[in-house]
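So that you can tell them apart, the chains are marked A, B, C and D in the order they are listed, and the count of residues begins at 1 in each.
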Amino acid sequence: MADSKKVLKIIQAISLKMEEQKDYLTELDQPIGDSDHGINLGRGFAAVNEKLSGLEGKDIGTILKTVGMTLVSTVGGASGPLYGSAFMKAGQAMAGKEDADITDFLTIIKTAIEAVELRGKAVVEEATMLDAMVPSYQAMEQAVKEGKAAEEVLNAGVKAAWSGAEHTKDLIATKGRASYVGERGLGHQDPGATSYSFMLEEISKVTG
Amino acid sequence: MADSKKVLKIIQAISLKMEEQKDYLTELDQPIGDSDHGINLGRGFAAVNEKLSGLEGKDIGTILKTVGMTLVSTVGGASGPLYGSAFMKAGQAMAGKEDADITDFLTIIKTAIEAVELRGKAVVEEATMLDAMVPSYQAMEQAVKEGKAAEEVLNAGVKAAWSGAEHTKDLIATKGRASYVGERGLGHQDPGATSYSFMLEEISKVTG
Amino acid sequence: MKKFINDTVLVEEQMILGMVKAYPRHLKKLDCGNVVVRAEKKEGKVALISGGGSGHEPAHGGFVGTGMLDAAVAGPVFTSPTPDQIYEGIKAVATDAGVLMIVKNYTGDVMNFEMAAEMAEMEGITVKHVVTNDDVAVKDSLYTIGRRGVAGTVFVHKIAGAMAETGADLDKVQATAQKVIDNVRTMGAAIEPCTVPAAGKPGFTLSDDEMEIGIGIHGEPGTHREPVKKADEIVDMLLSQILEDIDYSGSEVAVMINGAGGTPLMELYIINNRVSDVLAEKGIRIHKTFVGEYMTSIEMQGFSISLLRLDDEMKQLLDAAADTPAWN
Amino acid sequence: MKKFINDTVLVEEQMILGMVKAYPRHLKKLDCGNVVVRAEKKEGKVALISGGGSGHEPAHGGFVGTGMLDAAVAGPVFTSPTPDQIYEGIKAVATDAGVLMIVKNYTGDVMNFEMAAEMAEMEGITVKHVVTNDDVAVKDSLYTIGRRGVAGTVFVHKIAGAMAETGADLDKVQATAQKVIDNVRTMGAAIEPCTVPAAGKPGFTLSDDEMEIGIGIHGEPGTHREPVKKADEIVDMLLSQILEDIDYSGSEVAVMINGAGGTPLMELYIINNRVSDVLAEKGIRIHKTFVGEYMTSIEMQGFSISLLRLDDEMKQLLDAAADTPAWN
């Protein structure tokens, strides 16, 4: 599905997307949070983007770990440790690998989810990024089981991620800042679930 | 022209006028001062108004002195000591008098002007209340010299006071807060010159 | 957005520099980032470190100095600092007596401080932490992240800081900090929002007759919106929620009327006038009152009331001399 | 107008009550009006009294206490108190050593304080006064009322207060106050006006990209209006006008970055960052820096920079211990 060169392309595409969606993600964070999700990720992925040239020729594990460490040390807030841990742990799982097939990709996502759940002490249905991550993982797992091609698998993932993000509008958050506004959060889409959906979309675009 | 009973009526009329014009005088104080001239005088003349019943049967000197002392102790700001001293000094000049003719009235105004000049260390053409006080005094003095009746004298005074107030628009203030805004004060009518014009107008109305 | 700043990306650094230049006797900035430490490192005592996003000035750098914190780590405005920043702070002030981190209860703060502690422990530094959660606006529950840490955190800085200064060991300092946390409650309201420089727009908007009740300290909206009321009525509303949470009756308290940044002292005093009266009515004795800006939300027009139930030990530690830019 | 108040006519009294209730160890309110005096009358020294309109909190009540003022008289917002109020203050704190009034140069303040002094002298109390006029925004001239007294006045409170506390006689205390006045200069700017509660409307309005230069402390407009600039550029503009007025080169100064009430500390620190740098460039040594709210204009968003040229005596008096709500 992707060699380490393509992984670098994916990371670059995600970085550009985060820059592009900076204002939108920040706006989503306004009514239920503290208006900084896009700013945070924008700052983090700008730093990631600068590291990319230095990562040429490295294995996928090293690339993902470096992305994670960079996010941890530049994003801050809640999303920094969460996305940071997700990439770092995924990198550990891919240590030494030069190529990732669709099964590896599912491992990456699963590892990332576990990292977020552990760090964030959260599960699905709490109106966080997990509400995009988990259902999209399940959709992709199902698609693989059904023997779908990588492209279709990712399409199914992206679709499920967005509907998971959409679903956060119906949830009263119990984790993250959105939990402070309680019922007022109803009708608002979680910024983290949204940023995750954008990321998956970029992966699908670059690999598809 | 006025016995002590009429003087009380004048003071009452002035008090009501100040209450009525509170917002307008405060607005005039906004662009060139600190938005409080009407509030200050409103507070002071409300206190004066409450003293009026206790002044029935007193001589003109006592009435004016009491008004002055009340203003001094309730108005504050620049206008408090100025109007306060003006009334107090005028009261001294009228000590024991039960009746004031037009000559006494001119004495009252002249004494008031001197009190303001002394306390305020100011002269005409500095864009203060003196620019209504002095020209209207001169107009009234002239009218008396020409043998005009009290009513006409006062009419001339009121007219001159308002045109003096109007003239402050053309002056760059050198005293009072308006001096701080320098040329920006041009085009703005001095609040103190305005409140004085209202007072003279009330005197003219009650005696006329 | 109108602000006295130069560039939204330079806000945090220039602010920290300006602060350190104002108080060179108290403060020093680490070269590696927006970390403020005592001008002279204090050895032989537990080191206290706190921090969080910027925008809460004078917190947290203003509380660095004798009798309070040893280091304050400042993230971007309203964004938790990163683990490596916090780790630099820990390294700079750590002593053999160990390090206590005072963390406000926000997902981001807790996670970043935890990661920093993990890094420090790998280097053999002993790090413990407490999590402040004084905001009664948010209902505490097993299933949620719980209450937020807000202005009451400053009492933790002061009292745990005074305990650390006595040379007490890490467990004792941590227990003291926890005792303050267990006894302090806060609630706030706002009539005007604030604007994060990098966002350029206010965190929420209110019409001319609305206020937000139950605001946090990150410019985020509160728990609900109401028509503006008289100051005394707002105080009564906030106080009753605080007094429902802890039974303060018969006890002695420290009071903090904390301005959110744009609220004039005039209004904070008017607020305190009512707070004083209500507590007197309820037989709650006031040991000391603090009125001013301790934990702000940039230029938000709002305030919070904190009540800390005191025992003799806390009273003594609260009154102990401290020498920091914002508390002395 | 949104404010945390109860009633526009109760603002001043409830504020003073709330202040005194916050600091009972320092302050007492006279029954006869909004006059704040030290909780314990200090005999055997020159008594210092200051005041003016309300709206400048913590000035002036916040500076009452050991080492600074003995009494502060508060008029209505931005309106000088009346002579009889001031006279009550004088009577309450007067000692055999006499009374020094520290008056800011405004027609109203000067006249009302003068009248109060006349009343006190009739009762055999010796009263002298100084008039502060540190605001360089207003050109001084023989034909005008002259410069305004603004934030620099607080340095006069502190330094003359410390001198009075040594037991120096009235002439010496007056001369010390005058020395401070002669050596202190201030200038300010604002990006948002303030609203006098009783007026209900702001003193001026600014569009989204405008600022007022040369503002006073009564919410009045400044000397002119300009497009908003970067903080550093505004600082440079204000500083250059101050430095033109007094030659500070080669001398040692105290710096005050005074917030107008609604300006967050974040911005004041950013401002100080530049002030520090410019003074360093010009070889002007900074003895001490004060960043915070000392002399506000309710909730105005603005600031002023004050520079006080120090000699050894002033340095020592500035550094002397003081114990007041707002300076300690």
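Simple rule for what comes next: a contact is a pair of C-beta atoms (placed from the backbone, for glycine too) under 8 Å apart; a residue touches a chain by one contact, two chains touch by 3 or more.
For reference, the UniProt names are A, B, C, D = phosphoenolpyruvate--glycerone phosphotransferase.
Quick caveat, the model's predicted, so the values are computed rather than measured.
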Joint neighbours of subunit D and subunit B, given as chain labels: none
Identity of the chain that, by mean CA position, is farthest from subunit D: A
CA centroid of subunit B to CA centroid of subunit C, Å: 55
Geometric centre distance via CA averages, subunit C-subunit A, whole Å: 32
Separation of mean Cα positions, subunit B and subunit A [Å, integer]: 76
Chain contact graph, described as a line, ring, star, complete graph or other shape: line
Full enumeration of touching chain pairs: A-C, B-D, C-D
Residues on subunit D engaged by subunit B in the complex (per definition of touch): 53, 75-85, 106-108, 111-112, 115, 137-139, 141, 143-145, 148, 196, 198-199, 201, 203-204, 216, 218-224
Parts of subunit D lying in touch with subunit C, wherever the complex brings them together: 2-7, 11, 14-19, 21-23, 54-55, 57-58, 62, 191-192, 194, 208-209, 211, 228, 230-232, 234, 257, 261-274, 276-277, 289-291, 293, 296, 298-299, 301, 303, 328
Residue numbers on subunit A that touch subunit C, as the complex places them: 26, 30-36, 39-40, 43, 72-82, 119-120, 174-177, 179-182, 184
